[in-house]
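Two complexes follow with subunit A in common, the first pairing it with subunit B and the second with subunit C.
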Partner chain A sequence: MTVPDVLVIGAGPAGLAAARAARRRGASVTLLDSSDELGGQYWRHLPPQRPSEREAVLHHGWSAFTALREWLERSAGVTIIRQAYVWAIETREGRPGAVFVVVGEVDGEDRPQLVFEPGALILATGAYDRTLPFPGWDLPGVFTAGAAQALAKGERVAIGRRVVVAGAGPFLLPVAASLAATGSTVLGVYEANRTASLIAGWLPRPWQLLRAARKGGELAGYVRGHLRHRIPYRVGKAVIRADGTDRVETVTIASVDAAWSPLAGTEQTIAVDAVCVGHGFTPRLELAIAAGCALSDDDFVWVDERQQTSIPLVFAAGEVTGIGGVDLALAEGEIAGHLAAGGSIQDAALAPALAHRRTYRSFASRIENAHGVAGGWSEWLTPDTVVCRCEEVTYGVLCDAASATGGASLRSLKLSSRAGLGICQGRVCGRTIEDLIAKRAPGLAGGPGHSDAPVSSAADRVRTDRRPIAVPIRLGELAAEPTPLSSPSLSDRLRERHP
Partner chain B sequence: MTSFRLPPCDDPVRPAEVPGIRIALDGRTVEGVDGQSIAGVILGSGILAWRTTSKNARPRGVFCGIGVCFDCLVEVNGARDVRACQRRARDGDVVTTQYDELPVRVRAAPFEEVPDDRA
Partner chain C sequence: MKVIVIGGGIIGAATARSLARRGIATTVLERGRNVGGTSSAGEGNLLLSDKGPGDELRLTQYSSTLWPRVDAELADELGPGFPSVEFERKGGVVVATTAEGAQPLLDFAAAQRSAGVIAHAVQPNDARCLEPHLNPDITAAVHYPEDAQVQPVIMTEALIASAMLSGAQFSENEAVLAGIRNPQGALVGVTTTKRALYADAVIVASGPWSGEVAALLGVNLPVRPRRGMVLVTSRMPHRILHKVYDADYVGAVGSGEAALQTSSVVETTAAGTVLIGSSRQQVGFDSRLDVAVLRELAQKALRLFPFLAGIPVMRSYGGFRPFMPDHLPVIGPDPRLPGLWHATGHEGAGIGLSVATGALLADLLTGVAPAIDVLPFSPSRASLAPHLEQLVA
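For the complex of A and B:
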């Protein structure tokens, strides 16, 4: 059997592990990433222009990353293309479609275009912060938790001197740690879920935590750091509004019940320079949807035990298939790479990765149970709260449009209110709008499915996640002819890492 | 108080000396270091907002920081709609803030009859 050429999209933990595993099985591998640095959001780091002696202190698993990076950069059969923006994938029955890419500076002009026809495709596109709206979240000085993290780790820029971290999930802990290591005073970390739900999620099978000891160790490290920096960690509390004229000046924090409904009379206002908020993550689905992959009922890319999607020879790994953290992403990536290169799930070499995947998946589902978003948050919205940031559509306008269109369809709601139709293409507000509409008009936003099977095809299920052009490219580039991979001008640009 | 770049002497990662760069933001000189993004340079100098929204003329800066939200768009050396959080700054970059006003409405309502000026 011949080994297919493998194209990996995304060079975070899952993509790096996939590329290495595929190469080890003998495949010719091409690894694409939109950044000019490998590592993805998890290992976002200082560029080579800014060397430092102890960068590892900002990271978990830094040596695992540098080992992966060196291995891939040294391997003759691996082509790494940085600053590569995949803007479209053709849908084909039974195999991966053509992959269209522009290469060059982000949002640049006249970038060369490449087209790949891979034998196997691995999607490792990751996820980004989900941030629920609240009054004043559109003020400058309100950041996602991921923004605070990227600026701290990739730039050594702190978002403010006095900072509040809020939302839900274990990701708030490393963010607070990074802020403290970047010179911010973190006034508190506010987790919306209450002790009871955290205990219920974390404690039913405590021995599983031991098997996921590396993950437990990572979290324990943050807790030690928080104690050292005297960062208070409060549960059952949420930022319910931010105020200021042209920037955030204060935030209001309230206690919330188990459903995240704010409790009247518990509000407390704190003066801040900045607030960073994250309520979990949204997978980057557009390329998977374009490739024709089915989604699971919780809106991640559905994969089988081989990490293969509903399209043969299209694999997916990491956060795009479910939020599970770095160790799970590495295991899934290794499995996907091995299988994409023609390996079998029975191969002895794959046994450790399969065992890791089992352990970390169970850990991930417990984190989700403990830290998931509960529905009461919409009670902190006011009619003038911006819901869609791009088109500046308020909650009031959205509700009026929902009433006027009679809940006929999400499309008519979007067209009449313009919510989700701005330049971010609904990436920030899409899930929020679906949730708000589902509350007002159940049935409109899609029914529940079954998590063991692909419940839907891209065509009937996708709501706000369908984006025919996955990244913005300029019209001139759309019209241009693809550049052959061997073209000298392209290979110059590929060599030139930091133009 | 506002956003800032951590001075190398206070940084636990013990950074090496690196060359400074300068960019122009609407004609004003803003200083950063080599390898920073345009948004990093601007935030590092204490400026939180630069874009003005189309509908309500409200200030915006970085929100997502990873290229997803498009709040931080700027014009760089004449090219519009560049995500400041994703583009590395180069010494001498000319950065212009964007305020894209809504198009002027030529009709009062979507289905209103418009006089046919060919007549």
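For the complex of A and C:
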């Protein structure tokens, strides 16, 4: 059997592991990533021109990353293309479709355009970080957890001196640790979920947590880092507003109940010069949807035990298949790469990765249960809270459009309010808008015998994540014919960009 | 009188509004969500410029006289809290981009003028006064001040809201399963996923899915989906002032070709995005992205407005137009099945023709003489006969 050419999209932990495993199986591998450096969001680091001794301190598994990177960079048969933006994938019956790529900085001139027709495709596109809106969240000094982490890890920039970290999920811990490591005083980490739900998620099978922790698990490292910096960790509390004239000066923190509804009378105001908020992640689904992959009931890319999607020879690994952290992503990537290159799940070499996947997957589902987003958050919105930042649509405008038009579908409401229609195309606000519409659904959908299903049905949700043009592309580029992959000038042009 | 309308798109909404305002008890059944199909997948064109003399032009001219009135009525009924329907008589500019394309465009405009369309031939240089960023290399241009635009989704929502104020009922997530016949064989109602519903008339307004719906009720109707794609740029200050399109659009609209056809239609929306349409392709209900289609659209748009080369395309969307083999909508009673009516087959002109369609059906159902001759749109017209005879169930 011939080994197919493998195209890997995304060079975070899952994509790197997939590329290595596929190459080890003998496949010719092309690895695409939109950033300047390998590592993805997770191993985001300083550029090689500004090396740092401290990467290992800031990054869990840094040595695993450098080993992967070096292995891939020196392997013949692995082509790495950085600043590669996949803007479209065509759907083909029973196999991967053509993958359309533009290479170069977003505002760059004369960007080469490439088209791949891979034998096997691995989607390791990761996740967007999710931030719920609150009054004042659009003030300067309010950062998403992902942005704060990127500034700390990629730029070594502290977002402020007195910082509050809030939201939900274990990701708040490494963010707080990174902020502390770059010189911020972290006044506290505020987790909206309460002890009961955290215990319920964490404790039913504590031996699983132990086993993960003993293997040097990601989360165990954060907990240690957290203790080292003596950062207070409070549960059942949320930032419900931020105030300031030119930038954030204070945040208001309130206790919330199990459904995340703020409890009146519990508000306290804290002086800060920055606040960092994150509420977990949403998978980057647009390329998987474009490739024709089916989604799971909880809106991740569905994969079988071989990490293969519903489309033969299209595989997916990492956060796009379920939020599970770096260790799970590495295991899934290795399995996907091995099988994409024609390997079998029975191969002895794959046994450790399969065992890791089992361990970390059950762990991940428990974390998700403990830290999931509950619906009461919309109660802290005010009519003038911006819910879609690109188009500056407020919660009041969204509600007015919904009432005026009798509720309507997500699609209709987006067009009548313009929420989600801006340059981010709902990457930032899509789930927020969906949740707000679904919450208003019972009264809106109305009518006798009306189904109780939320307005944002599975079909509607797929529509929000459906972005046939996955990243903006200039009209002139779209009009131009792609550069043939065999073109002799192409490798020169790519090399010029990355000597 | 009771009427059932099947389909919660703009044709169903406009029809329900017209009927309800005449006191007819109207129920609109929508199998999914209102405004979920073709009505939310277009550009909101109210175009006279792309229609040559004939029946469709007469229907369009009638609709064009209704639009300002409907717009004013909706604003009055729904108040300032309702999102704007963005009705704007911005005018169209049609250009030829080749030497051989110039004379046919000017001839076409002359024929339209004889049919009452305002169509000013302008010198290529003067066209740049109308559209300062237009490619200077065009060979001919015609200005159509009557062409207009609406935001089609909000317009449909507005028609629904207005119809409801007049008493029409809209039921979403309710699919029609079959027709109910009386002993004489006439259609007297429908069974749905929720109930049996009786009416004096059942109107199929299901766009490209009208053929499926008609088949459920017992007759065949040769409506086929014709796919279209539109590109949307990021927002920018308005630099394109009219609906601007290449004269070969007219040929594509009128053509029955199944193969891909593209012709550039470029315009700015009220929000500041630029819409670039449009392709025509008969591929069934296949909604998969085809980059070659997008590339052709982009190439043709740049022929009109070179400055667009540096503008980012943010998204694309597409949908299915209800295509009729004889290029005319079907509006009126079906002679094969008493009780069955049609309001479909508007191809790419359904937004513009919706209010006329509703008004004509209301006239016919209430026994009022229609404002224009409806026989050319009747399901019993001669041009449709060959397609119906072989298709009667």
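Just a few scattered comments:
The working rule: the second predicted complex is superposed on the first by the 456 of 499 C-alpha atoms of A that agree within 3 Å, B and C clash if a C-alpha of one lies under 4 Å from a C-alpha of the other, contacts with A are read in each partner's own complex, and residues count from 1 in each chain.
In this text, a contact is a pair of C-beta atoms (placed from the backbone, for glycine too) under 8 Å apart; a residue touches a chain by one contact, two chains touch by 3 or more.
Fair warning: this is a prediction, and the values are worked out from it, not measured in the lab.
In the superposition on chain A, contact of A:423 is made with both subunit B and subunit C. By the touch criterion defined above, A:467 reaches subunit C but does not reach subunit B. Look at A:98: by the touch rule set out above, it reaches subunit C but stays clear of subunit B. In the superposition on chain A, contact of A:70 is made with neither subunit B nor subunit C. Applying the stated contact rule after C-alpha superposition, one finds that A:267 touches neither subunit B nor subunit C.
When the two complexes are overlaid on their common chain A, residue A:246 makes contact with subunit B while staying clear of subunit C. Between subunit B and subunit C, it is B that contacts the larger number of residues in subunit A. Residue contacts after overlaying the shared chain place A:117 against neither subunit B nor subunit C.
Common to the subunit B-facing and subunit C-facing surfaces of subunit A are residues 391, 422-423, 472. Of all the residues in subunit C, the ones that touch subunit A in their complex are 32-36, 40, 78, 81-83, 151, 153-154, 156-157, 160-161, 164, 170-173, 194-195, 231, 233-235, 271, 273, 276, 288-291, 294-295, 298-299, 301-302, 308-317. Contact residues on subunit B toward subunit A in their complex (touch as defined above): 1-6, 10-16, 18, 33-37, 39-40, 43-44, 48-49, 53-56, 58-71, 73, 79, 81-83, 85-88.
Within the complex formed with subunit C, the residues of subunit A that make contact are 88-91, 98, 100, 290, 292, 391, 400-401, 404-406, 408-409, 411-412, 415-418, 421-423, 425, 445, 447, 449-451, 460, 467-469, 472-476, 478-479, 481. For subunit A in complex with subunit B, the touching residues are 34, 36, 41, 46-55, 57-58, 105-109, 128-129, 138, 140-144, 146-151, 154-162, 181-183, 246-247, 273-274, 389-392, 422-424, 427-428, 472, 498.
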